[in-house]
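In this document, chain identifiers A, B and C correspond to the written order of the chains, with residue numbering beginning at 1 in each.
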Amino acid sequence: MRNETILVKEARGILTVTFNRPKSKNSINGAFLRELNDALDLSLRNSECRMVVLEGQNGVFSTGMDFNDRASGNYDEKLDRLSLVRYMEMLKRFREIPRIVISIVDGQVIAGGVGLVAASDLVIATPRARFGLSEALWGMLPGMLLPFLIRRVGFQKAYSMTLTTMPVSAVEAHSFNLVDEVTETPDQTILQLTQRLIRLEESTIENIKQFFLKLWPITGEFEEMAVAESFRLMNDPKVRENIDNFVRYKKFPWNK
Amino acid sequence: MRNETILVKEARGILTVTFNRPKSKNSINGAFLRELNDALDLSLRNSECRMVVLEGQNGVFSTGMDFNDRASGNYDEKLDRLSLVRYMEMLKRFREIPRIVISIVDGQVIAGGVGLVAASDLVIATPRARFGLSEALWGMLPGMLLPFLIRRVGFQKAYSMTLTTMPVSAVEAHSFNLVDEVTETPDQTILQLTQRLIRLEESTIENIKQFFLKLWPITGEFEEMAVAESFRLMNDPKVRENIDNFVRYKKFPWNK
Amino acid sequence: MRNETILVKEARGILTVTFNRPKSKNSINGAFLRELNDALDLSLRNSECRMVVLEGQNGVFSTGMDFNDRASGNYDEKLDRLSLVRYMEMLKRFREIPRIVISIVDGQVIAGGVGLVAASDLVIATPRARFGLSEALWGMLPGMLLPFLIRRVGFQKAYSMTLTTMPVSAVEAHSFNLVDEVTETPDQTILQLTQRLIRLEESTIENIKQFFLKLWPITGEFEEMAVAESFRLMNDPKVRENIDNFVRYKKFPWNK
């Protein structure tokens, strides 16, 4: 498998996916979602695999949706709606796949990138991690990821992160369960977890994940609503202008 | 606007409401709810306004429903049911209004006052803040505010505060998200927030609030049940006696 | 009342139940559930009683379902399904009974024992307490207790405890509300609580508990599903083998 946007390696029951779009700060585009999906497929082909580890590079985990695909020149309405649906499906797949999905966050994670983290089964962060929902500054909202974030951190912290757009440190994120462990040495934490998790049958992981889905369902009705609202806002003229100004002139909406 | 129960000022995108019933420790009566409602209307008339800040005075944020209105001499059953409905509607309005509602708690907040805090979008407290649900001591329960409190702090802390009636310090309240920040200088926190929040469009605040309402709905069915149960308990002969003894003789139910 | 599995005493409005199956580390069997149920009945006969305190002995609170009853020689399918239902009904009864149910955890609590803790109204732990959901290691899952655990600690911590099977210390458990207070002197905490809780009418406790049941219902549909899934897994040939190997040879599933 030859990938453009991620690096994949497999060893001792762990499939590791390293996000690899340094020029666009690991933002999420169609190719990224497709290749990450293929990597999850690959993990299923090895019945010894128990964990899928996601990590960034160079102090960036992920910076959310790629604005270049949304700038006027490149924009394709049909493709865009599809990419929203695919993003939502990726988050759902993390919850369902009979592998334990672990994000290691060392540095920055923004907007849609926070969704990949929130939908992960476990999150390990270094003290350098910072989590921010910047959508509101652009006139949007982090619709599709919110049920996954609320599931992790409860209503209030998801709400205050969305409304204030203020970034949150690793220690704060740990205090309200966005992060399960803060450590300078994520690899050692993974090693400890491995010793425990290789004892689990694949079918047990599947049974547990299916059971929790029943305890905390995310309905198809919600998904449609979230995609529709995200699509509506993304096509708001003001939001389009904000994105265009950023892609063309690196100008932020609040610098008027 | 000439107010009896609150002081209102407006500057730099912030409408500040200072509760001003020192004699009755900022307890909540009909005039207070009416005037607070008017203040929210006022904030809507200024399209530059982004935040509504609520604060107490002299070490008291609010001590909940005014018992004087409930003592036998003054009691009007119809008015009383109406004031329960209006209190519930105030909490709901905080969630819906396209302004960011922030409570600054410096000192005591009890019973229904905790509802104003819990329904706020953001809560800033000084180390002097103390939060208590005293209703059970009088034979009542904090029915209408509980969904707002659970939304903020989860089931267990709302439950233990209700059952034990034990007051909670600012630091404890922060540890379980009843408070978003503890600081000696709430004005500086407001200033920092302002720099961020003035970047948001009014419509973005509205979109976010509407979206979160869908994620965590409070049903009309619940509201009716909560009002009915509060009304039922308030008219329980034992509870009426407790309130009368307090209003007439400053006697607490547990001093027999 | 002559008990085999628990010790019961009553004084000053508190009924104390001490788990007393030292040989099987306070594991839960049919007699235990029956006698605990009788103890709850007893607390209702004393209208002065406000609190039911549950505690272990010798550094063990409870180690969950008794595997001896599930080993092939002793196994009775019908009895087993019944004991699952009775366990679920016990957890539900904690939520409904007009007494404040308090667990004091001094030492180990595992699997189904965590359910007794999670369903308690209040949980006091010493620094020696350790909480673990070991079910997944055996190929099972902690189905029936999860709604009670989620109610206390939110989705994510219930999920990570279930998936990772890693035990959690008292301090950690307190940080995410599985424990309400960590103290070296639980008796003093009980004394403080008593001073507060004897002020509550029995009817007030009942009203509060009924109200919270409406705010956070656990449906009959869920109960049936949880019992069915637990029963299905317990009769999985692999799980039966794991249990048999443990009961006969003290061999754990992960020592192959």
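In this text, contacts are C-beta pairs under 8 Å (C-beta built on N, C-alpha and C of every residue); 3 or more make two chains touch, one makes a residue touch a chain.
Treat the numbers as computed from the prediction; the structure is a model and nothing was measured.
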Rigid-body rotation angle, chain B and chain A, from Cα fit (steps of 5°): 120
Type of chain B:chain C copy interface by residue overlap (half), same or different: different
For chain B paired with chain C, centre-to-centre distance based on mean C-alpha positions, whole Å: 36
Residues of chain A whose C-beta touches two or more other chains: 154, 175
Complex contacts: residues of chain C adjacent to chain B: 100, 121-122, 151-154, 175, 177, 180, 193, 196-197, 199-201, 203-205, 207-208, 211-212, 214-216
Touch list for chain B against partner chain C, complex: 136-137, 139-141, 143, 146-147, 150, 154-157, 159-160, 162-166, 175-176, 222, 225, 229, 233, 238, 253-254
